[in-house]
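This report concerns only the one structure given below.
Chain lettering (A, B and C) follows the sequence in which the chains are written, and residue indices restart at 1 in each chain.
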């Protein structure tokens, strides 16, 4: 067991984290330590075990064995504390399309326990940043996808969590918005937020401080993009990924 | 005769109180055996366009023909001869691979045997799973099965709506290789995709955004027609570098592009040195000229739309 | 086209067989319903607990009490000492009825030709109370006739009651036709509409449209398996009724099955119609259950007699197909009538079927309806 001090130093720690379903091992003894303020890219093909691993870290699923801490809290014994300290955004889980921008902000801010005064302040700031002040009473469903994603991200950060989990946040979005989104991620990282991102776009892997690639439930590679390209004698992260993916034996579901 | 001919085709939808122009009046033509890509993000209008061409929805304005048949008046003819793979997986989850294939063959009044040669390459990979329920296949396998079912009646035109979305990188590559081989069989193929890198695999592409074509040409021609000077910049601290670049004189656009940032110069006459001189204080700086990618072309076209 | 149709029907069978949960409902439901209604639920009230206050304690009162005791409707729970204890007995919930036989019951009858018994019923459940009271009255009336045997009485009108077709007043006679209507409606309308809409929801309909398949084949092919399922269900219900519940079939079995098939087709076409007006399985289910199933139970005459309903509801009940079918089943199964008598009802069902089918075909969208 790590000392509490060590755990607090790292935003996320994992040691031999494993999840099995019957005799199927979805996540096979993964280990890593993520520092505060790091942008960590969590890559892997569909079915490699990414989603399962993320669920464990978010406190949504109990690991079968191993250890992990998020924001200093133990994933086995303190999942509720974890949930309170993190932000989460996913392409699939989104905002309520039939509520307005403002209503969505108020709702989620309320869920995270922000006071009315805080909500007022933060929402004004948020809307200004995203240039959505004139759209605040518009139904989210009527916004273009790119704006929805950016709004969703901002809302995930509204309670200023130390760690944010982003699950394929830029899927299907136009190239400009994608980049604007990553600029928002950068800014959050500058402010000290740790970002744990999964993505299909290999060029986005380059924007991360460090990257891990999961294959068949195990971490097949972990390091900075530069280190990995050197290690695999590859021109781009895409090449690194293809090399590793080809070795995969597990069929995605 | 052109495989597909479109004139002034448009479609709007009413969403609550607002009207959305999903497809603004478009005109274009596609040759036989052409591998044509609609590249664009979600909401660009790709699915709506494909649905109009496959006779599933009626356009508000304009006309379109597929194989010479009108999409409105001769829709029955078109439905007999085209293959269609819609966005989400649309086969029967509780039927096996084999059962799905046989079903669609019968619906198209043919047999699996008759056109097996067309799908053999693809089906060989599926054959070991012939009795598995389609719902239990991996994403890549599902797409392959859907492709087989769309091909089993030897269509003259194949419409694929985002066939590689959500599929792993290896399967994506394999999928496009299959499309290339089909093209050689004389089948016209229309594909829509949000992945810019797939654009270079097509004969011609249309870059689509907000219901409009930003560009329509061969990939190499689109890149050739990129009129601005593009530079790649790298530094020790990428994010502060980006912020600095956005404020640097002479730079029209600066955006991240993987390992390097790309910057679009306002004028060709601006030199690399001029830019470098403004970036004092950035450690380990590296600037070089670079050839634009389809994505650079898309971004620039979007910005100036 | 024939191959297309058969391929489609084959596919539908796979869907149905591979969905174990729904399969259980489709086959299990009718059997469960029949058994529940046949044995557990019944309009008859048996073995009701009552209390008796016998203040007379003579031979006549004893004979009356014996009568009541041997009746299957009553169980004498206790003998109270006086009417005052009745209130407490009711409040304790132990009895539903109290009978008070006054003093000198026997001698009053003999000498004054007049005897009264007091019947106090717990009317917090008014239906039960009135039923029990009428049972008592019937028993009393019987008793009276026995006492009067051989005596000469001035013009007495004695109604001779015969319960036709169902002399034992078995509740099953009412429920089996009702269950048949309910089950067929549930399976055919609900399942068919959901099955068709499911294609729209999962996106397979898109692919089917862009094919040479005549769109109309879809809804017919989807309904066909349920037609066969219904035949099996009709058979199992009838077998259960006859052999387990002891309910005979008075009329022609052939006619009964034929008309049941007609009703099946009516329900199927109703299911088809529903599927053409919605794209969501949930909505299809809601419409089938709330919009059809519930009114069917309430307005078909199954649960509540139509004769008792206010006029507007009576009129509406004519639109409910199950009403006509329920009538037909009772007529053929219990009264044993032939086609000559019920041809009108059969015609109504036929017309309804044609109407629903016509509308379904007309409504069927050859393109996607995108909002």
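One rule holds in what follows: a residue touches a chain if its C-beta (ideal position, glycine included) is under 8 Å from a C-beta of that chain, and two chains touch if they have at least 3 such contacts.
It should be emphasised that the depicted structure is a prediction, and the values quoted were computed from it without experimental measurement.
A.B. asks: Going by the stated contact rule, which chains contact chain A and chain C alike?
C.D. replies: B
A.B. asks: Taking each chain's centre as the mean of its C-alpha atoms, give the chain farthest from chain B.
C.D. replies: Here the answer is chain C, farthest from chain B.
A.B. asks: Using mean CA coordinates as chain centres, what's the gap between chain B and chain C in Å?
C.D. replies: Chain centroid spacing, chain B to chain C, equals 59 Å.
A.B. asks: Can you compute the centre-to-centre distance for chain A and chain B, using the mean CA position of each chain? Integer Å is fine.
C.D. replies: Chain centres of chain A and chain B, defined by C-alpha means, are spaced 27 Å apart.
A.B. asks: Indicate the residues of chain B shared as contacts by at least two other chains.
C.D. replies: 15
A.B. asks: Flag every residue of chain B that touches chain C in the complex, lowest number first.
C.D. replies: These residues of chain B touch chain C: 13-15, 51, 54-58, 75-76, 79-80, 82, 84-95, 99, 102-104, 106-109, 149-150, 159.
A.B. asks: Which residues of chain A touch chain B in the complex?
C.D. replies: 45-47, 139, 141-142, 144-146, 171-177, 179, 182-183, 186-187, 189-190, 200, 202-204, 206-207, 225, 236-238, 241-242, 245-246, 248, 251-253
A.B. asks: Residues of chain B touching chain A in their complex?
C.D. replies: 15-16, 18, 40-44, 136-141, 165-170, 173, 194, 196, 209, 238-239, 242, 255-259, 295, 298-299, 302-303
A.B. asks: Quick one: in the complex, what on chain C touches chain B?
C.D. replies: 3-4, 7-8, 10-11, 14-15, 18-19, 202-204, 206-213, 366-368, 370-371
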